[in-house]
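Working notes, structure below.
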Amino acid sequence: MIETIRVGVIGGRGYVGGELLRLLLLHPYVEISCVTSRKAAGEFVYREHPNLRKLTSLKFEDVNLSRIGDKCDVVFTAVPHGAAMDLVHELYEMGLKVIDLSADFRLKNPEAYKIWYGFEHKYPDLLEKSVYGLPELHRDEIKRAKIVANPGCMACPSILALFPLVKELDVDLFRIVVDCKEGSSAGGVEVSRSSHHPERSNVVRPYKVTGHRHTAEIEQELSAVMGKDVKISMSAHAVDMVRGVLATCHVFLRENSTIEDERVLWRIYRKYFSNEPFIRLVKEKKGIYRLPDPKAVVGTNFCDIGFEYEDRTRRIVALAAVDNLVKGAAGQAIQNMNIMCGIDETTGLMLPGLHPI
Amino acid sequence: MIETIRVGVIGGRGYVGGELLRLLLLHPYVEISCVTSRKAAGEFVYREHPNLRKLTSLKFEDVNLSRIGDKCDVVFTAVPHGAAMDLVHELYEMGLKVIDLSADFRLKNPEAYKIWYGFEHKYPDLLEKSVYGLPELHRDEIKRAKIVANPGCMACPSILALFPLVKELDVDLFRIVVDCKEGSSAGGVEVSRSSHHPERSNVVRPYKVTGHRHTAEIEQELSAVMGKDVKISMSAHAVDMVRGVLATCHVFLRENSTIEDERVLWRIYRKYFSNEPFIRLVKEKKGIYRLPDPKAVVGTNFCDIGFEYEDRTRRIVALAAVDNLVKGAAGQAIQNMNIMCGIDETTGLMLPGLHPI
Amino acid sequence: MIETIRVGVIGGRGYVGGELLRLLLLHPYVEISCVTSRKAAGEFVYREHPNLRKLTSLKFEDVNLSRIGDKCDVVFTAVPHGAAMDLVHELYEMGLKVIDLSADFRLKNPEAYKIWYGFEHKYPDLLEKSVYGLPELHRDEIKRAKIVANPGCMACPSILALFPLVKELDVDLFRIVVDCKEGSSAGGVEVSRSSHHPERSNVVRPYKVTGHRHTAEIEQELSAVMGKDVKISMSAHAVDMVRGVLATCHVFLRENSTIEDERVLWRIYRKYFSNEPFIRLVKEKKGIYRLPDPKAVVGTNFCDIGFEYEDRTRRIVALAAVDNLVKGAAGQAIQNMNIMCGIDETTGLMLPGLHPI
Amino acid sequence: MIETIRVGVIGGRGYVGGELLRLLLLHPYVEISCVTSRKAAGEFVYREHPNLRKLTSLKFEDVNLSRIGDKCDVVFTAVPHGAAMDLVHELYEMGLKVIDLSADFRLKNPEAYKIWYGFEHKYPDLLEKSVYGLPELHRDEIKRAKIVANPGCMACPSILALFPLVKELDVDLFRIVVDCKEGSSAGGVEVSRSSHHPERSNVVRPYKVTGHRHTAEIEQELSAVMGKDVKISMSAHAVDMVRGVLATCHVFLRENSTIEDERVLWRIYRKYFSNEPFIRLVKEKKGIYRLPDPKAVVGTNFCDIGFEYEDRTRRIVALAAVDNLVKGAAGQAIQNMNIMCGIDETTGLMLPGLHPI
């Protein structure tokens, strides 16, 4: 018999926090012991997350770490970058398992935080202890981890689409283009002019076309896979949808390298993903869902991956789609929790999406 | 121990068929014995319903009623109006439980089919035997039913919002306005100029502003509740979303009748709905989800109901929101199946929606 | 030869202000002498209104009424309700023609401001002098007016759809339902949780389902037309589009009154509108644009009007669509300016919309 | 005094045809002599293009080339690829000026039609005589042209963003990535499953991620500019909007080449575009419209161009946005007509877009 996992969510008012709650309520072995929000303390959770009305009578609490220590086995921290660091440190010291959904423990190199995030990391020793929470690459380390750093919502599909190619083919490691398209929920719950509906509707708005912070994670993970430097040329675009990321990855074979045809790519992806429960290879010859589209993964923990090869330009186009709030955040985090707690990785997560949506 | 329910879905390629499959796959006591589609026979189900990829290896079959008779206890018929009649008749004769998602068994009066649907009903005796599948009004009859006629997607929220008012208050029964707004999935899977994305985006397109067929169901059910004639003034509008119906019902008190304040309405709705598992009363004083909005029920079997009273015009505005494919179709149908099969009505259906979406 | 009209726009940063600028730049007889914005003073206009890039080098100025008095013949005030009152008063005293786009001069009865807007009107004498700026009802008065109160964006189509019916038919004046659907630009440029893209997308969100302020204008104008009290039962809904209002008006014939068929309605609408340059009667027997839809008027000064009659319920459904920023605000205001200045009413306004959009 | 230009539109029922009509109706020197459509012959134009209601009483005619020859000086052919060839040939033989909006005359090399379009070109001699209708590259040739081949809607912004870079910098000519995002109107007026609203909403659907036909045009034009081979790695994505294309172009400097900073890019783009009436350089330091976004050009003939430089990857990201139906089709075509007819190139085209939209 499986013991109940007592779970805390710090930062439950945001979209990632809300998605954690939705999924944790569906999880058969989880008891949500506490949900915190400074702004909404005392309020019913369903006032902020109207989808949970009649499904829970939980209320937001103020943050009280010692109470959390008493009541929880696992804590999810869903607070802004920079603000997570101290919380994670304290929870770790109290002996809890922590899954951090901010960027504060994703990068191994403390120097990288100065470059990409503009702050000095206060716990470089914890960076060593934390594990980058992508099960498809780090499953065994996650099993033993006390701190898991949940990947960025655009980093997740990009790494998944790219690492098998980088590993198995002779590609130009300095000319990898990752062109991302993302929905508005990725911007979080706080309002701004750029998220104002009249301004945010019907856009294809380039933002961070250079220097996007998720670049650092992708380069770190691919360089580790390769044992040498990989450079990622990343650009992000806001499009008119609420949930979803599509990463379109353009990869060039090096000059003297060739592949026969797309079957080579099939073999490579199958090698890495045929046993992965949340990776779906999507490459159809007909119909309208021939390649990955975020529309088909909304609400689910799947990452859909597809590809094409263009001989003329010696280019592989690898495409990966996730729901930024699920496989790109809360679902991934629960997958990590399952692994850390030694239960079946898919528990509570094998949910279909909605079609049409 | 609960026995497995062996289920067949006739017409599995459409949106309602796909939604039945999504929900049936989540149902703990259901085995999907067969899914039919003439056009897609032989294809994997996930080719038409990309959300089901990796969740089922079912294939569409051609329709073969005797095989269905052998393999199924319950059959859902999700085929066009007029085409369901014969199928339901045969399945009934074979002793199966049938839940019909077309309009073919919703109206009690065979004459009404000529007026509203333009055809002669071939099985007037079966109309008597079939039950209108709205558990909030007909739960006991559904328990014993062999044929359940699943309500129309706009009729469902309209009736639910209106019947308690009509029953408990002295309202003008000839001046009830039902102004509906609906998403594009209600139009089904077949393409047309009116569903062409460039033409269907950004619309508030009035259609059937008079003479909408669901009027017949609403009038039938409300007249039955009252024991006298009720007239519904219904108009429908297509808006730019995929799933969801909002019914805005404008109800006038008769001239010499009054109500003190909105607490009267609270009492009425609580009287009928406080034990209903899928009705949520939504009436908040703050926040942005103060009243029902289809956005909050997408993917769920909930019907959200709210109201306001305007003394100046002696008008009650009752609002009800459903997902047209769930409480407005497939979810309702499974709720009916649960009742017919004697299991907990909410089995497999107590799913949260997505926020934001 | 027509003299140049020197125009000022107070409150040029908002959406109505921006739309005034777009249309005034296209107007052959207008010179924009000044555009004010407290928040954006000193900035190029195209920084706030990216559509105007390369079309004007105007900059926002701070408000300076005496300079405006020197440089302008006509001033548009596009500031919030309550804030317009003093400005209009001063500009009037300086002898300028003023077109106010707030609600501050729309209601004739000063008491109504307490009831509907919660403030005491400081210039009841000016209310008498101002004219409600709906040319289809008040063209002659507008010609002579010094202050024109531009109608509310939902009031405008509602009044236009209703006044001919109310005037020519024996309708139930206490049971007129106006069910409005509106785009997000009507909420203005200031951000809020309710306009946050993840929350505002895919909605059909009821707001002000009773007590909407535009009710006051509609009742005022229809009561004036009739010479007796008319009561409007209005409800508004936010839908997922940026521009546009559809007013669906449900009107019941009184008990002993009848109409033969829809030709009666054709005759009535033709009587009032066949010479109106900006009213289009839309009632087709085929195609997908059979009745008014805001999609077809986006960017234009047209009000599309259509109707159906349902004998069964003795109900006329009258539908009117406008672009809330054009015929519902800035375009209407320029139409009023043209009339006040004695030039052809359609000058600068006979622009086609975009299809598809 | 400028003589009236008598214009014919062949294929007036489609979206490009409708957009030609919208813009031609606004053109001060144009008389529309005839509009053809086989399917809609005899119908009022406004039945297909509801935005033109009350603005024209034109009707569609069947195609009759000899009548067109009598009545027109210039003809726009807006028919499918392959179908234009014969029409253009005949009109040319009749001595008319032709602007073809299909792909049939865009490629100089007849062999290229076999490779990219799968047909044999019947008039290779006419390919030599026709001019690729991008005024920013071929203005002088267009002046003298009898046949102008209007550029593809994705080719247009891609070439405009890229040619100055390719010409002035030492870039890797074999690693140029063009990642395009496009609205649904680009798919034309004919319905299909992929344009069905429930399936086409909320998508980021990759299509033609390799082998897109517009690649051929872009390579042709850039190779001509350079005098040597350029290879374009193009991928297209359907996003949830009706109008607009964004081309995100990722360009790498060659290994031994450097640029100091972005001012170099400013100088290059200014060199080519500072006198171009329809190119706007968009590169702001603040606000939400810092870089090109199709939203800001909807309805206009502008091409907005912006850029960023990332030293780390030696990558320039050049972005260009157009309305696919205007600068990407009909507006471009009229700009070409103006040039061919010797009138001011901007006549009838200097229209602002809508904000917000």
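So that you can tell them apart, the chains are marked A, B, C and D in the order they are listed, and the count of residues begins at 1 in each.
Keep in mind that, in the parts below, contacts are C-beta pairs under 8 Å (C-beta built on N, C-alpha and C of every residue); 3 or more make two chains touch, one makes a residue touch a chain.
The structure displayed is predicted, hence computed values, not measured ones.
**Student:** C-D versus A-C: which interface comes out with more C-beta contact pairs?
**Tutor:** C-D
**Student:** Need the most distant chain from subunit D, centre defined as the mean of C-alpha atoms.
**Tutor:** Most distant chain from subunit D: B.
**Student:** Taking each chain's centre as the mean position of its Cα atoms, how many Å separate subunit C from subunit D?
**Tutor:** Centres of subunit C and subunit D (C-alpha means) sit 36 Å apart.
**Student:** Centre to centre, by mean C-alpha position, how many angstrom separate subunit B and subunit C?
**Tutor:** 38
**Student:** Report the inter-chain centroid distance for subunit A and subunit C in whole angstrom, where each centroid is the mean of the CA atoms.
**Tutor:** Result: the chain centres lie 47 Å from each other.
**Student:** Find every residue in subunit C that makes contact with two or more other chains and list them.
**Tutor:** Touching at least two other chains: 15, 184-185, 193, 198, 201-202, 240-242, 293, 298, 356-357.
**Student:** Quick one: in the complex, what on subunit D touches subunit B?
**Tutor:** 15, 183-185, 187, 189, 191-193, 195-198, 200-202, 240-242
**Student:** Under the touch definition given earlier, write down the residues of subunit C that touch subunit D in their complex.
**Tutor:** 15, 18, 22, 25-26, 47-55, 184-185, 242-243, 280, 282, 284, 287, 289, 293, 296, 298-300, 302, 304, 350-357
**Student:** Can you name the residues of subunit D that touch subunit A in the complex?
**Tutor:** Checking each residue of subunit D against subunit A gives 172, 174-175, 177, 179, 181, 193-194, 198-199, 201-207, 209-211, 231-233, 235, 237, 239-242, 244, 246, 248, 250, 252, 288, 291-295, 298, 306, 308-310, 312-313, 315, 317, 319, 321, 356-357.
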